[in-house]
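Read through the structures below before going on.
Next come two complexes built around chain A: one with chain B, the other with chain C.
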Partner chain A sequence: MYRIRFHGRGGQGMKTASRILGTAFFHAGFEVQDAPRYGAERRGAPMFAYVRAARQTINERGIIRHPDLVIVADDTLMGTPTAAVQQGITGQTVMLIHSSEQAQVWRSRLNLAGPVFILPAFEAARDRLELRYIGTACAAAAARLIGVFSWSSLEKALREELAGLGESVVEKNLPHAQQAYDLMESHQGTVTPGAAVTAESFTQPKWIDLSFESARRAAPAIHAAGTSEQMKTGLWRTMRPIIDRAHCKHCWWVCSTFCPDGVIQVDAAGCPQIDYAHCKGCMVCVSQCPNHAIEVVSEQAAQLAEKAGESK
Partner chain B sequence: MKRTLLTGNGAAAWGARLAGVEYLPAFPITPQTEIIETIARWIDFGEMDCRMVTLDSEHSMITAAGAAAVTGVRVFTATSSQGLLYGMEMLYTVAGWRAPFVLVNVSRGLASPITLEPDHNDILAARDSGFLQLHCATCQEVLDCILLAYRLAEDERVRLPVIVNLDGFYLSFTREPVEIPDAESVARFLPPFDPENLGFRAGAPLSEAVAVIGGTPYSYFRYQSHLAALNAVDVFAENAAAFAQAFGRTYQAVEAYHCDDAELVFVMMGSFATKAKEAVDRLREAGEAVGLLRPVLLRPFPAADFRRALSGKKGVIVVDQNLSMGKGGVLHTELASALYGYPGTTPVLVSFIGGLGGRDISAEEFYEMHAVTRQAVSEKRAPAPRLLYTEVELREMKKIQAIARVQGLKEQQT
Partner chain C sequence: MTETQFKNMKDLPSKHLLGTGTSLCAGCGGLEALHEIYDILGAKSVFVNAAGCMTLLAVYPFTPFRGSWLYTAMASAPAGAQGIRDALDILLTKGRIAAGEDLETVVLTGDGSAYGMGLSATSGAIERGLDFLYICYDNEGYGNTGQQSSGATPHGARTSTSRGSSGYPGHKKDLFSIWVAHRPTYVATVVGAEPLDLARKIEQAKKLRGPRLILALAPCPTGWDFDPSETAEIGKLAVRTGVWPLKEYRDGKVVHSKIPQRRLPVEDYLKRQGRFAHLFHPQRDEVLLQEIQTKIDIYWANVEG
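What follows is the complex of A and B.
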């Protein structure tokens, strides 16, 4: 059975990517299971999606513990514990990372034993519109690494899954998918289906007897004030709002009131300041600013620009 | 007939569409909302002729569903978790009216604390309401069970509402291959709702259960509902036979997987039961005589089917994805009451609680539950019920509590 896991942020098209791959498998005569998994927060928050494909009925269900292929659309997730990108990875697991770093960098940084492939992010990062195609590019590159479908059958799956978005969206996605598919040509078939966990010999689960604790401790209450501050929701951002000082009219209450996370503070001079450690990139402020004074740039591009600035 | 990839929610919407549903009162809740969104789109595009009304709450929604059903239209509605509980008063009320309709519940754990992921405490809270319950393990079953549920609800030997249950995420948002039967064969299996046995006609109004009454009539009406529910065991079997004829898929009140020659048997309900199937396959490869029983029908409880299937078995591994505080697993309790006091060897029942709030159950845990039960059989004594919870999970929990600065942390950590 093929077991494949996609990691990304809400809004990066990982659900669609998993569906494209699922549909391609289905058309190739496989039994398929694909599903996204996310919590209450969507856009920008870490999420994953998975695909199982086999020649027989699939009875496995839920999260994939030992993936044959892991696709990471956003390399900032690598350092986010809750994203659990590396969970269950073995020497057999193939990693496909959308990143501006080299495979060797990730291999040594994460001490990965299995093959690592890079879907280069340099160009895409400069133009934020290009980021829309990460999902399809990831699906196409993954399809080539699996290597059981032709380009034409992948294209069919892609067209089916994107049909709801309109013909022009499909046409814009196709070249990105094709490019990613071609890029992995020499690695076609690197991903091989893994085996199930056998019952002959298995690692015993370390169950414990949960013992009684006083309700002072065992009731689900949060006693520490301001714990949400520790949750750096700024890491969720795929797009960054930037206030253009030349156009801001200091009407102050608009953006700061509408921001659902309350991360826009107005300073003594009446200037709004965004706390980027917690701004989750929802773009509500952008749509509410009556003076169109808030610009949007791709987070990845903004970070690259920051890095370049520092090294100068 | 068309085989395609559908989510459990998509399959539920198709079930309602093929059933020719005429009225849909709705209220949104995660993870159910996609069902009514899908149907709303079909109605918008003229692909489905149905009246959809959004209500102010699940309480009103279930009232509207019951009221419409007793006037003779085919009614569908859907909810989940807190929504089902919010409408609980009306669940009992409309079941008492003997209003035949189908409600889909997408299982999700109950607050507090809050979660979006599934377990069965929501649906089991409706266990005694008078609604019959069908529990699905795959997306295909979701579609099929809705068709079966209408035949069951509308049968004059039954005339009770039915809940079709599917697990949030594991089915609701998971795509699997589903055969969508063509409308003509469904129409043959499930003809339009014949309101004949409702006794309601326009111009001849009737009042539903209005009087405040004493124990004598009350007992009569309540027990009649119980008898009708019991009838549903046989009616379900009849319908399932007709369904198999029409569509080639076989359903039983209790699905049996490799049970005939099994010594130990898993008992589970819902989508996690397919994980148990996988474990049965792997354990059989390792030479173990093991099987699985999965109640599709939970109300009425198919006690006789369980007795038959478990007679002569050595041990039963009951995995409850629910928890009755101060008692334990509901399925374990129900099974024990079905087996106790009947002649024949009574197997050792071992109770496990797992999958609360969508917590995964690993392959290794299935193998270990099997090993524990085999041990219990040889000792002829069931161990204490066990929560599936590992050392690593407790460590993670402690970390969360440290962040939340729970009191008494210091003294208890030593």
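What follows is the complex of A and C.
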């Protein structure tokens, strides 16, 4: 059985990629499961989707424990613990990473034992949520690495899954899929199907058994206020708004009020301060700032600059 | 509008009460309105939340609220509010809580519940004169499940259940008038993109007792298909084109709190949203565009005339 897991951010098309791959398997005569598993189900938030495909009846259910192939559409997720990109990978797991870095870099950085392939960053976009074709490219590259069905099965699946978006969208996606498919030609068939998992081999999770208690005691009541602040939604951000202090006119009532998440607080000096642990990067503040005093930089670049600043 | 502490934007709260870190979409117009409302309403409140996007605000063990919150089924939030209000009244009568410890009972639902599934329970609650504040974040569809059409979907909008070339065939219900027909204490429309108008209305509603509705237009980047950075801009355009009249009902009268001086053509609002793209591409649907514009013109002719 093939067990394949796609990682990306909400909006990058990984759910669609898993649908395309699953449908292509189905056309090739496989039994298939494909399902997305969202965390927050939101644009920019880390999510994953998975596909199981086998020639026999699939009795496994739930998320994949040990994937044969892991596809990562956004390499900034590699270092994000909550994205759990490396969860359950073994020496047999093939990694396909959409990145401008070399495979060797990721292999040594993450100490990966299995094969690592790079889908080069061929689409230029300032914001990685604006990558239009990464979903189909990932599905096509994955299909070639698996190598058990033809391009025509894949094309048929792609046309079916994207049909709802209109013919012109399908036509724009096809060349990107073809390009990614061709790129993996020399690695065709690298992914090997994992062994069947039997019910006997299933290890029970470490449940804590709770005895039945009255609703008053057992209801999920929250007794603290504002606990949502422990959720660091700043992870969703691919672009970062930065207030240019030289041009900020201190009209905090604009950005701080319009920010949907209320992450812009006003300090004692009357300056608006963005809480980056929670800012989701919607950029409403940027569009509303009357002085155009909030600039937008890539989150990755901002983090690298911060690190460089720290090491000085 | 009577006395207000909110004379200009500088008077708006500089401290934000609603917790960050919720799982609502980046650029959520409903959350924009809610945090502005909550800043003024305060933590001495019990939110009764019907199923919808905003039930994801409080997912155990996380909550952005400083006060209480209760989750109900989609059609039942006003019934939940009745139970809470009754319980608070009993506690007050028995002297088990002091008058200063009383809480404002607030219903929070989306348009699916407010315009549709919960309407019967709402009508009953108003009929009984329940002392509660109903906040509806209206994103004109069942947003949490993929933007299916609701009773609040505007004519011609594409939703996941109306994907044809002329969009949603029905017409947006007039929930404001449905409430007004019940003769409640207070009804107002707001939008997060007009925070001063919103603040004054919450200030008003807070002073009153009885059934009160705050109907907030909630521009929705996910369901309406626009870039999240444009949430406030789209909200402002809804007001300036006359699509979303800002008004209130009090003492038997409807008063418009902001009449657009020079109304922009409705196209300026529609063309910014993917859900109306079929009105412009591959060719302009002049008939439907004119139909939408005419409806708005008739509405304002009645207001201005």
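Observations
Operating definition for what follows: the second predicted complex is superposed on the first by the 194 of 312 C-alpha atoms of A that agree within 3 Å, B and C clash if a C-alpha of one lies under 4 Å from a C-alpha of the other, contacts with A are read in each partner's own complex, and residues count from 1 in each chain.
We adopt the following convention: contacts are C-beta pairs under 8 Å (C-beta built on N, C-alpha and C of every residue); 3 or more make two chains touch, one makes a residue touch a chain.
Predicted model only: the values in this text are computed from it and were never measured.
Of the two partner chains, chain C is the only one touched by A:Gly164; chain B is not.
By the document's definition of touching, of the two partners only chain B reaches A:Thr23; chain C does not. Of the two partner chains placed by superposition, A:Ser152 touches none, neither chain B nor chain C. When the shared chain is aligned, no partner comes close enough to touch A:Ser186: not chain B, not chain C. In the superposed model, A:Pro36 lies in contact with chain B only, and not with chain C.
By the touch criterion stated above, A:Val266 is placed in contact with chain C alone, chain B being left untouched. In the overlay built on the shared chain, the residue A:Arg217 is in contact with chain B alone; chain C does not reach it. In the superposition on chain A, A:Thr227 contacts both chain B and chain C.
Chain A residues in contact with chain B (one complex) as well as with chain C (other complex) are 40, 220, 222, 224, 227, 230. Residues of chain B that touch chain A in their complex: 5, 7, 112-113, 116, 169-170, 173-177, 271-272, 274-275, 277-279, 281-283, 285-286, 288, 358, 360, 362-365, 367-368, 370, 386-392, 394, 401, 403-409, 412.
By the touch rule above, chain A contacts chain C in their complex via residues 40-45, 164, 220, 222, 224-233, 236-237, 251-254, 256-263, 265-266, 275, 278, 280-284, 286-288.
Those residues of chain A that touch chain B in the shared complex are 19, 22-23, 26, 31-37, 39-40, 58-63, 65, 196-200, 202-210, 213-214, 216-217, 220-224, 227, 230.
Every residue of chain C that touches chain A in the complex is listed here, in rising order: 9-10, 12, 14-16, 18-29, 31-32, 35-36, 43, 57-58, 60-67, 69, 163, 192-193, 195, 221-222, 227-233.
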